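Take a look at the structures listed below.
In what follows, chain A forms one complex with chain B and a second complex with chain C.
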Partner chain A sequence: MHHADAPTFDPEVASRETLNSFSDFARSITWKVGLTGLAVAFLASLLSKNGQVHLAYSYLIALAYVVSISLGALFFVAVQHVTRAGWSVTVRRLAEILAMGLIPVAPLFLPLVLLVLMGSTTPFVWANAKFLAEHPLIQAKTPYLNSIFFVIRNVIYFAFWAWLARRFLTLSRRQDVTGDPAISNQLEATAAPSLLVFALTLTFFAFDWLMSLQPEWFSTIFGVYYFAGGVMAFFATVSLVVIQFQASGRMQGLVTVEHRHDLGKFLFGFVCFWAYMAISQYLLIWYANIPEETEWFSIRQNNGWEYVSLLLIFGHFVLPFLGLMSRHVKRNVGLLRFWTVWLLVMHWVDLYWLVMPALYRETGPNFGVVDIGCMVGVIGLWLAGIQRVAGDAPLVPLRDPRMHESLAFHNI
Partner chain B sequence: MATITTSIDNTQETPGHRAPLVIGHHTYGSITETVCRVAEAPHPPRAWYIAFAISVLLVLMLGGLITHLLLTGVGVWGNNSPVFWGWPIVNFVFWVGIGHAGTLISAILFLFRQNWRTSINRAAEAMTIFAVVCAGMYPGIHVGRIWLAWWLFPLGPNQNALWPQFRSPLLWDVFAVSTYASVSAVFWYMGMIPDLATFRDRATNKIKKFAYGALSLGWTGSARNWHRYERAYLILAALATPLVLSVHTIVSFDFAVSQLPGWHTTIFPPYFVAGAVFSGFGMVLTLMVPARELFGLKDLITLRHLENMCKVIIATGTIVGYAYAMEFFIAWYSGSRYEGFAFINRAFGPYWWAYWTMVTCNVISPQLFWFKKMRTSPWLMFIVSIFVNIGMWFERFVITITSLSRDFLPSSWGYFIPTWVDIAMFVGSFGLFFMLFLLFCRYLPIVAMAEVRGVALPQPTDGHAEHPASH
Partner chain C sequence: MSEHSTSHTSSTPEPRAAAVFGASPARVGHHSRDGHAVAPAPQPAAVFAAFHTPAELIAAARKTREAGYANFDAHSPFPVHGIDDAIGIRPTRLPFFTLVAACVGFVTALAMQWWMNGVAYPFLISGKPLISIPASWPVAFELTVLFSAFTTVIAMILLNGLPRFSNPLLSDEKFLRSTSDQFVLSIDARDPKFGGALDHLRGLGTVPETVYTDPGSKALPKIIPLAGLIIVSAMMIPPVLIAKARVSTKSVPRWHFIWDMDFQPKFKAQRENLLFTDLRAMRPQEPGTVARGELEADDAFYRGLKSDDNGAVEAAQVSRQVVAQAQPADATQPADGAAAPADGAAAPADGGPPPDPLDKLPWVTEFPVAVTGQLMKRGQERYDIYCSTCHGLAGDGDGLITQRAMELEQGTWIRPVTYHSDAIRNQPVGRLFNTITNGVRKMPPMGDVIPPEDRWAILLYMRALQRSRNATPADVPTDVLPQLKDVPQ
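Then we have the complex of A and B:
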């Protein structure tokens, strides 16, 4: 592979492509859509008897959704630095920008935190003193499951994530100007130990916001399960973003079919990894058949929830596994786009399946305008926030010392 | 054994310029020469003879002990109520775990385009197969009546009235391990064909010419040969990748499908896989640090290769530490008194010494690799690799023994004590492992020269090192 094969890359030209360089309409639409979505969800929730409770759960799903994608992005950036990856330089900035979404999403948790502090049984029964008094087993968990410690932990999670995401983007943008290779070493040195803290914060975030919805239940793999789905959703998102940006004339010649092919391989890989985590959790609990563990799956196998479970098995694993396996699919824009959208929907189904059965144990799935409104709303505000905190960042690193490797990258 | 060494430190890398994977001004010819010399030298180094003699003695001891076991019965082991799964299963899991590095390096690192794997993959794959041989021995002899070991396989269920329990992970293990062993062996052998052909072409006597000629399957090195070879390599890599994960996943099921506290926990599958990779890399380091010295391979297996392995060890060791932490946290969080007891018992019960040996070796000792000095000093990392081996044996000991020795019924609690046969057999299995490895070093291409040649020479740009002629 010679330099001559690589497309010419002009940092000056590339520096003009940012999120802010999109049309005024594209930039203003996100927060309008976001607010409208949440307003619709709220109004729709007033129409039914149990509407506000459903709203809280649905809102939590939407937050867990965008957080998982941003965490996937943060993980991706850290791993690229630790492994000194060359191929991924031209897509790394998109991940750096997506990871910044952790900053604007943090205040969106406040309504739920408020519910916890008020001692509401929604969404967490353990926050309610009366409930605890009647449930000694959960009462015994209050050294961990109490509202003050819950708030402290979440402040730590988001403070760390915000710091790390900012540091990755800030240093990388400093390199955009100076091209100093030493910055790559600095990023590498930051990324390695940060991965340890990342693993713990992500795990306990998943325990706190998802696993403790049914506080009697426990599973050691739960954090990794949430991680697997999130990283998969990140690869779907970044592939989709690349495809859509390129369809609108951006990032031309910077991200090629070779990068999309690799992103597709990772997407395929994490579809499998998610399934591996899911089957590990299910098979071991099903096989041992210990009541305090099987109860969680029992809810999800009855009263209509079994259809959601089956949808996950086929939609989140079997079909995309077969669909994404071929080299042709990963290198075809239309087909890859189809699977990214499909899997992003399935990731929502996965989170819905984790959260909602806690509320509708006996009545089965309940889906409606509130859920759509929450998703549209939270994703809209998340994107609007990303534009605000990272809108002026060029879409590719301009002077990364490994840029030439990424531009010249070819699969074997 | 003279090697050309230069002062290049290829563990230092300026971002944007890839450090060389082979040092010492090598040409294609000199790489071939360096690797072939190991097998072609009229006599191996004296250390080889000493190590081989000790290994053979241990193998003889192992053979004697197996005979003793078969003639007397499994009662010669310490397995007894309440610990019916003693050292044989501990040793089985220990060896199977070690057999994970080779295929990970050859298959998964290949898919991740990690070219540094080329210098170590051959030896690691060989080690993998020998470790699986040691592992496979234990279930075989554990059945007691070894002439009925074939009952493990569902051979002619109707004719023999044999209906193996398909719902048991122990049966899945038979399939998982045997599939893994066969695919790893095919992968190892297929990858060796071009190098065996080189041996054949350089052979100086008839026996060697015939043996290497037969093994190299008529390889000519034509473009068509290489094309087929690369295709097959990619397909085998893709097939072997899920196998790397499946074997130890199913080994973990042996424990985790039960209801026993300390065995039954959902994180077991990925945790066992990480532990297996960790122990496998530990053993690769244990073998490669002396081997590169002994056979003059320091230009091919450079400090950079060793440093990368140290990084894999710190990553996987920390994942194992994460799993220990999750187990402990959930044992408390679950509110189950049995879960809670199992873990308190591990850390502070009669086997506290085993537990803390495990934690020190597996979680704490790899953290030394945060220091560059530790990652670039071969004999320091050799010491850590020994700790890793010890720690991973103790992990399986802790899991197996502590949970069994104190289960739900306090009146049947006991304290497991191994017999001398247990200990001597385990030592003997090392003899088997090292004997096979030493034979491999002497008679087969210890480094994948065809692949190393592909990544060795400076590329037209530093940008695209990943275009080896060999794949």
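Then we have the complex of A and C:
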């Protein structure tokens, strides 16, 4: 059923709005900011004794951050196709573009992969032969945790993600030209089995890059935890992008308060889902009280890390849970923008909490210019890469068969 | 029987039955409109008009609201976007009910678990704190959801003005088309501007209809109180059965509703277990180990021995060895007959039995616990329960069991010694404690039955009994002295 006074939509006008249609200044600045950020981080790391080890960990946090958002976008697109969702068509292209960020971010992992192949204890102790010789328990895990298999796995992850992201965007853009409804069915057929592979690749990516920082520890729910935070960060990102684009005059009449309301609902939902995963992981380990499992939380409850843990409980769940509950907040541009920025910061804190305690078990949180430089640098290069691989894509699917349904979308 | 009923059914003409049941509401309606109906006279309940499209309905609702009507409603076969705004329905208050219920559920769950686990029934589970938030979390989450879900549904029903058992609109055939292919706007008779409602609807280009109140009786149908009575009576059956079961006996075994809960594949105390060569399901303690909380390092308190002489472990070992050696020897003693019943703790001066190795141990002579009136009362109570049956209420060795055993004259009973001999009176309190713990002659070890605190309490009472036989009037407080009858004044 369509609303009687649904807004009119002209594909010709909409096709002129792309990332490349931004001003030249905005287009050229992202990669400069990215390189500057990384350079600042590198220089700052030279100033302290343990600086370059910290740099590797901080760089890993930044990479895990942007990858989680792009993976959240990839998941969102796949779910929209599988469920034949109508409401989300006008925001789906933004997710398709964000998911393309997985392609330019892949080479950024090379420095860390190189460290693994060199057998450095930074960032992964299991890559080091001397460490393994002294730790028979971790030695027993080498059939999985060895540098060659590690590289093979990561090639598989990124190859699959790049293929899927490209397929979603390419076919969707083909539909922009032809308007062929059969393409929607084709995307749907791709999305369903891909979600299964996606779940496995994301889980093992989280195991490889985040959980194996403390290789003696293990948690089967860990991948879901990383996924929950990533999808939440994706919804925060896409809401923020929509708000900022509309504030600068783009996507007018295409994304309405109704769509922002729904993105806000998803954001709220994944705030809860993240907390649900976090407590599920914590509760079982707390209850079983087995030393090899509790050690991971013990580090995060002592030496100053307890404040970061409390910050997550309140900043990542309690406050946004209460703050995003009301529909008035989700329909208010200013308040929704505030919570998206807040949660994007909290997602960084979450990853910092996952990664850094492996380095600073006894000395407590350590934060500085290196971390800021890494975040600015990686986000800058990620955005520049997205611009490069998807900069000419229109910001909405132009001739999606469900476009009219999305434009007329209305919350009760 | 079945033949009869079949013929009965077929003999009833079906069209007639349909007429009786199917036509009655309409007929009542017509009667009432014609004025033939029974009292009370029908009043207009509402007027309504039908539209063909949702857009017309929204426009009509908006105009009706602008005309100053407040008590009106729209009816459509499916949800119509924008109708809420057109009618002017206020935002629902339902979320606030949900929020309050959620908070109440959350607090209830936490308070309940705090009370149950932390206060009323503190039960230590794998060393966790009695009151711990992580363990309370799942229940808190569930109760939050439960309370808010129930409250939301109930509040939604109440806010909608339900339950409402009859609505005159629903008895009108034309109105019922709003469930299939028409969009209906109704104005309630309680609206202050109802007088002009028909004209208003005509002004919208429709042919409005009037619905009248149900002319039927307002009394409850008789079936309702009857059904209520039956339900309440039926609800009484389970409590009555339970009450009966609690005060009566049965000659048949109980029912086992949940078989695998009543008969569990586990080993109970004193049962056989074929997994072990000694066939005992209750596993003895491993040699060289101490169970948690059973170290009992305090020799004075747990064994009545001075630990500072030889060191705790040594003294305890000596004590155990001695007890182990003494018991087989005792088993042969009843053959001695005469010596044993007299004074077992036998002073060496008797020249009879050999010197007891227990005499050489460093027994404590002072109570290792605080001596209080409360302890004395506790000791008296425990003594009367555990000791007096053999030893007698005053410790003369003449309890009821002893008296009966002596009457039987079977020769297997060894009469308990009196507490009031010098030998017993001079024994160190630690030695007496050992006697209670490990037993002597016919007296069984009471250490597994009576906790150490109570053994000391019993000893304290025993000391009081002994002293009462050797007291002077000076030992009695002056204010109760006059109560003693045979004290020379």
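The definition used in the following text is that the second predicted complex is superposed on the first by the 408 of 412 C-alpha atoms of A that agree within 3 Å, B and C clash if a C-alpha of one lies under 4 Å from a C-alpha of the other, contacts with A are read in each partner's own complex, and residues count from 1 in each chain.
The rule we apply is simple: contacts are C-beta pairs under 8 Å (C-beta built on N, C-alpha and C of every residue); 3 or more make two chains touch, one makes a residue touch a chain.
Predicted model only: the values in this text are computed from it and were never measured.
By the touch criterion defined above, A:S194 reaches neither chain B nor chain C. Of the two partner chains, chain B is the only one touched by A:R84; chain C is not.
When both complexes are overlaid on chain A, the residue A:T203 reaches chain B alone and has no touch with chain C.
Residue contacts after overlaying the shared chain place A:Q387 against neither chain B nor chain C. Shared-chain residue A:Y287: touches chain B and chain C both. Contacts of A:T220 after superposition on the shared chain: chain B is touched, whereas chain C is not.
By the touch criterion defined above, A:S58 lies against neither chain B nor chain C after alignment on the C-alpha atoms of chain A.
The residues of chain A shared by its contacts with chain B and with chain C are 1, 3, 283, 287, 289, 410, 412. Interface of chain C with chain A (complex): residues 54-55, 78-79, 81-82, 95, 99, 126-128, 134-135, 137-138.
Across the complex, chain A meets chain C through its residues 1, 3-4, 279, 282-283, 286-287, 289, 325-326, 410, 412. Across the interface of their complex, chain A is touched by residues 13-17, 113, 234, 242, 245, 249, 253, 256-259, 264-270, 318, 322-323, 326-327, 330, 333-336, 370, 459-461, 463-464, 466-467, 471 of chain B. Those residues of chain A that touch chain B in the complex are listed here as 1-3, 6, 84, 86-87, 137-138, 140-141, 144, 181, 184-185, 193, 196, 199-200, 203, 207, 216, 218-224, 272, 276-277, 280-281, 283-285, 287-290, 292, 401-402, 404-405, 408-410, 412.
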